[in-house]
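Naming follows writing order (A, B and C), and every chain is counted from residue 1.
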Amino acid sequence: MQVEARLKKLGIDLPAAITPVANYVPAAKTGNLIFLSGHGPLKEDGTLITGKVGADLTAEQGYETARRIAIGLLGTLKAEIGDLDAIKRIVKLLGFVNCTAEFADQPNVINGASDLLVEVFGEKGKHARSAVGTNALPFNIAVEIEMIVEIEG
Amino acid sequence: MQVEARLKKLGIDLPAAITPVANYVPAAKTGNLIFLSGHGPLKEDGTLITGKVGADLTAEQGYETARRIAIGLLGTLKAEIGDLDAIKRIVKLLGFVNCTAEFADQPNVINGASDLLVEVFGEKGKHARSAVGTNALPFNIAVEIEMIVEIEG
Amino acid sequence: MQVEARLKKLGIDLPAAITPVANYVPAAKTGNLIFLSGHGPLKEDGTLITGKVGADLTAEQGYETARRIAIGLLGTLKAEIGDLDAIKRIVKLLGFVNCTAEFADQPNVINGASDLLVEVFGEKGKHARSAVGTNALPFNIAVEIEMIVEIEG
């Protein structure tokens, strides 16, 4: 329970897996890979962090948003595989930042997720990544991130 | 031929695989995974469904557009693997909705594809998914979807 | 050293791998797959090609930008696996074009990368692909491309 111990030390409570409201699932396993669905930023009260970075949110607020999403992704992973110590590597993130056409600091926003993953998993948490902007996201959430994880075979 | 029987029951004729007009292919196989290229919505007369959801198309029209793309993805899969019963699982969709900055119902649009896949494949059709917006797509198509599928080993 | 010989013939010098300025890595290997992070267009002088295609850059300039990114992706691959002849197949590209809402020729832009990969790898270079638009990219770069590659087992 190394990973869960580290989460506790960081004061992080994992949420339950997201509940998709459609014909898809929070995560799909194939071989040793788990593909996690795009996750949005759920606050503890169940509401979403919404708005466009560069207009409604600052890059710093975007960073906190991405960090929250990473915690949600870990909650989904925990529900999917039970033991977070079974994770061999965080392989890849793809992060979409809902932003103005002038906003150009998507990397710092998605760092909120990347930093959390490395805080929790150390070397195993270092992943490939793409960070891009977009003009619109579901329910006007500020950030959406999908993830690929490798588990022990 | 279970999957093809279900397609027939749904009144769905699969189109031929898309013909990329460049140095790429409709699908690439690696191990047991098939990565399908981003597909747009080809109508039966060979023209494309174009426009921005939230301005030129409603969410409902977007849903029908995504459903048509899913049928096109299955046409490409059929051309690639021959037997659609060899599909072990639809692993993941990534759907881009060409939309206004105010449009926030990308999930309902991409549901058009997700619902079709579950209608056709049942449990095997349940996939991880990301649905995002974008300000622009090739040829101004309304929706573009890429897919990852696992086939029997 | 077939691939490197072809690069030399094309007059292409590979750059070093990109240096991520955050908690992520240029590429992550899982099984026989390598997931490469989203790469931007670094010029030889170390500056970036920036601007929105359809306003600041033409489609042709976008093509050259994507070609340059493909060269950068190969530089990262070379640093990751040492021998580019170990590549079994270029599996997939996902290309984001920073563009106006009216721009609709993303495929021709991303062709700059696809064409280079087929020039260098021949049949092995033919990949699945998605090309989409976006309203904003990091540092206002004109194009961002991520790639999945299969190496010999």
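In the analysis below, contacts are C-beta pairs under 8 Å (C-beta built on N, C-alpha and C of every residue); 3 or more make two chains touch, one makes a residue touch a chain.
Bear in mind the structure is a predicted one, so any value in this text is a computation, not a measurement.
Student: Fit chain A onto chain C over the CA trace and report the rotation angle, somewhere between 0 and 180 degrees, nearest 5.
Tutor: Fitting chain A to chain C on C-alpha positions yields an angle of 120 degrees.
Student: Same or different, please, for the chain A to chain B contact, judged on whether over half of the interface numbers appear on both copies.
Tutor: Both copies, chain A as well as chain B, present different residues to each other, with under half of the numbers appearing on both sides.
Student: Report the inter-centroid distance (CA atoms only) between chain A and chain B in whole Å.
Tutor: Comparing mean C-alpha positions, chain B is 25 Å from chain A.
Student: Which chain A residues sit where two or more other chains touch them?
Tutor: Those would be 31, 94, 101, 134-135.
Student: Which of the residues in chain C end up touching chain B in this complex?
Tutor: Within the complex, chain C contacts chain B at residues 31-33, 89, 91-94, 97, 99-108, 111, 114-115, 117-118, 125-135, 148, 150.
Student: Which stretch or stretches of chain B touch chain C in the complex?
Tutor: It comes out as residues 20-28, 30-31, 35-38, 52, 94, 96, 98, 101, 134-140, 144, 146.
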